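Structure first, then comments.
Letters A, B, C and D mark the chains in the order given here, with residues in each chain numbered from 1 onward.
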């Protein structure tokens, strides 16, 4: 059945599969010491305009988030995140499992507000009892957010200024980074982003890789012995080549970014189709995740013919659902969706 | 350069790569809910003669060890292991990171001794102060061990009897399981093994997969909500298909076991070559890892022409080194090694 | 200077100091095996009407909270608490340090609402993605709350019913238990309370002891080897007699409850004094903590003459402050306060 | 019954009880902000000849050990200790509970050997795989050790030199510090000790206090926000005065050291009595713990009349037992023991 459920429904982009095949029987050292990992790291540095960056390849998103957060926080610190942030809600308490609290502030369509962040930090330090509380020790944002929204360059500037003034690192979860950078109206390049945070990652799992996230500490600022802690977290892949070859491929000739562009172009067409069908949007998303509101009978009718993701109930009759495009989405799939919607909504 | 460094030097066995390609663009659900994961689980159950088994696919060895250990131990318990066990030494403290102590007993060429295990447990409970100490809450053994040795059926019987009498689960680390089962003189089948422990895994990373370990709780005895804890450990792969397709392939037509047999057959020939060269063995290993003792100048001469693994210094002049065969080792590689050894040892 | 800052400003009630002196040179076993600890436990059981209760003495509140929560939760579970709950805010992340999330729901003057609790649990299990989230594994309430408020028997009945239906234990933080039970309008006895939860404690630190909290598992339902885990948490006192003698004294002749009644009687008089002075109350508290709203200049004038606790800013000009009475508060202290207030408020 | 079981059988030295009584009804701030804690800290600094020292009062030994170790280690580090060290064996895994491994080296009558320590560290860093292992990040020794033995100034010098060369802090567990400093042949003063480590504590629980350990970071080198982490570990006492008054008393007029001297003087007499009785010593201890070897029937005969501590079985017929003197031991108690021994051993 046709599916717009998520952006990790398919395997890998063909270029990756081909390179895995070509390099398959080469004997290579493990744990990321292979030449493909080395090359991939160098290309990541170049793409990010960060020649001194420390680059590491981890396997998946939750793992990457909890490893970064746990290794950068001191024991008495927690990570500040939007209450809708992935680390706050949907990672089975992986951050807390490492001993750290997620300190939540409001999320606005997935984004945090600079003034609220600033106030949160100021209020904390102004509290006479703050030595009895969890210190804010890092700020976590996602780009794009869990709601598909993106920060402008100015917004990111302001957030990062608050972080530097408070001497707190800023971490950008880029599980869908390529989709954010290609997003409508995005005025940030990956270089801009690398300059405006202390650590971020280029998500591979959701952008055409079988697995893998490329963690970047832009100014060579990785915690000491980060690799040992990656191992301690169970996140060090023996066959590091699997990640090296994939990111070497993604970072070659702008492939990673083209994959992002395809998803966003398809999302643009998807929005048109949905709008034409008269289905109301839950929010405006400039990236590959689109949220619409369906009535109960629409949900039933649609879900027979196309798979999508239930997001949340608004009331007894209405539900927010998510349609995702991805690097793999084709015009044929959208044609098919269009036809289905006509039969259901009548236009 | 020719390499016998380890058993994860190559990518995946060709059958796996082919199936990844064939299934690549199918849209499948994530997190192990896809049909290939389902099929693979069913085949694992069948192969193990354990129709009620709970089966889970994790990504790598350290991750699998710490997840299993942490989720099966209660807070006041530690895991008993040989002092040479992988979890005791070479996992960067991943077990301790989850809050649990590794309680070590002597290792005999990697194996634990039933009497010593039994004495350790008895001494613990006989100690009037044992309520102030870490309780033995699980026994960890590896099959084959870190030294390539294997337990006989009788030895495993005795160890498991001690465990059951003490009401402590037995966990078998099978990172190289196929190599153990194919080992010279092995009188255990995978079904025998499944009957004689509480949890074990069929290692994929070292036996022809790109990554992946298949965890088996033979009698449906997985901890409640194991999957949520896998997620919490950062060990749940979004594209579960990557593991599903691989194990579906490995479990089809006995491929997994044939890969093991190739490695052991090659190791047999390797032993002959090494013996003929007059190089002394450090110990007798019936599986794919072979340990020999080299003098300083032999190390230097050899390491220019073939890669192998340094194991430990015996004295100023002698070093133990490891040669590994694997699922990918070919007769041509052994021919090449043979030629190299002739030039160095003169026979 | 006169102080109403908190309820742990003084040392111990005289009866405790006397008993510590009388028993001081007796040679007694450590770690709670002494006869005074034994007697104290028996008296706690009797007072609570819980003959099968497991009773343990720990040293302080945060320690007791995190030990109970960590040992009763399974790895995939968190504890549900009011967002104003002590464990959620003022324990430096002690719960998270043990690997568990605090799941917050709204606090209403410190209390949780049964319907909101019930909805929280139902929504969790109804969420198709709940296996990727932290399970609610315990409910935490405080009695009295951090705002001095108390639950009625009916409210507690309803909360406990929700917990039992969800098969989740209910934990009552009784750091100030005696003050709650003596509270105006309290319709709960300690026996009622013991019947309506799975674990609670009788706080000693804030009710006349030098230190110490008596943890009660009313139906002998302590986690296996709880004492070993208490040790692991650094919470097992070598000279357990210090806790045993204190609780033996507090549990004799109703002393503990009389100390509570003194604090509440003094709070009643305190409320009259404050009301007469025309100072507005922030909320109605029936126990020993009283919260009033002061203007900036009132804060300045008062804080020269009497110590109290700053609670929170309402706006630029107004601040909530707390006045606490305790087991040690005297009529003379209130006379003094009354005189001070007359000079400041003019009545 | 007469008891030489341990050094925490009695309550507190009379001076402490008296001061607790005298200060009891003073209203004081909590959490160590009271004037007695301040004074006590100043006196500790003075006694240690460490005017810049950071001083903190914690409640008990296991808690102090795990808090110091956890807050000074980085995530990838473990603590090196003798295999007989208290943290390695008898603290219910409290160190591991905080996520860190105890790395053990041989214990020689409780002491570590500098050369073995040095070799352990060198071997670790020489291992090509050390990035996959737990780094030695702190050295733990006890003074006196669990076997009553003490290090000489030269030995401590050498250990500390190894630590500084490896850039690893040295932690001295001084649960029985006063007994070590008063030990026969001890050539170390507390100032010498403060100069030769990075953190240590003056144990109160075993030296005349009801509870309490005074942690000293001699050069103001406490981890940032140590107090918050003490709270996080559940180790921050609300009524800090209880610890402040006790250490203020112990540090006044050399009381702490006099208590140590009494125990050692009594141990000297005890050794004479035991030697005269012909009972063989297990080892030579210059401090308050004395270890002798008893035959089965001697154990039975003696244990009816005097309490002592079972240490370990040597063989079927012989057991090592411990007799402890303390700050509270009197000549009358030794007279009584002498009389008992005459009846049993005949001389």
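Of note:
Criterion: contacts are C-beta pairs under 8 Å (C-beta built on N, C-alpha and C of every residue); 3 or more make two chains touch, one makes a residue touch a chain.
Since this is a predicted model, take the numbers as computed values, not measurements.
The rotation that brings the Cα trace of chain A onto that of chain B spans 180°, given to the nearest 5.
Note: the chain lying farthest from chain C is B, by mean C-alpha position.
Interface comparison, C-D versus B-D: the pair with the greater number of contacting C-beta pairs is C-D.
Centroids built from CA atoms put chain D at 34 Å from chain C. Averaged C-alpha coordinates put the centre of chain A at 51 Å from the centre of chain D. Centre-to-centre spacing of chain B and chain D amounts to 42 Å, using the average Cα coordinate of each chain.
Of all residues in chain C, those that touch two or more other chains are 75-76, 91-93, 97, 99, 131-133, 228-229, 231-232. In the complex of the two chains, the chain C residues touching chain B come out as 31, 70-71, 74-76, 99, 131-133, 135, 224-225, 227-229, 231-232. Contact residues of chain B toward chain A in the complex are 2-3, 5-6, 8-12, 14, 17, 20-21, 23-30, 59-64, 66-67, 91-94, 97, 205-206, 210-211, 228-229, 231-239, 241-242, 307, 328.
Interface residues of chain C, counted against chain A in their complex, comprise 75-76, 78, 89-93, 96-102, 128-129, 131-134, 310.
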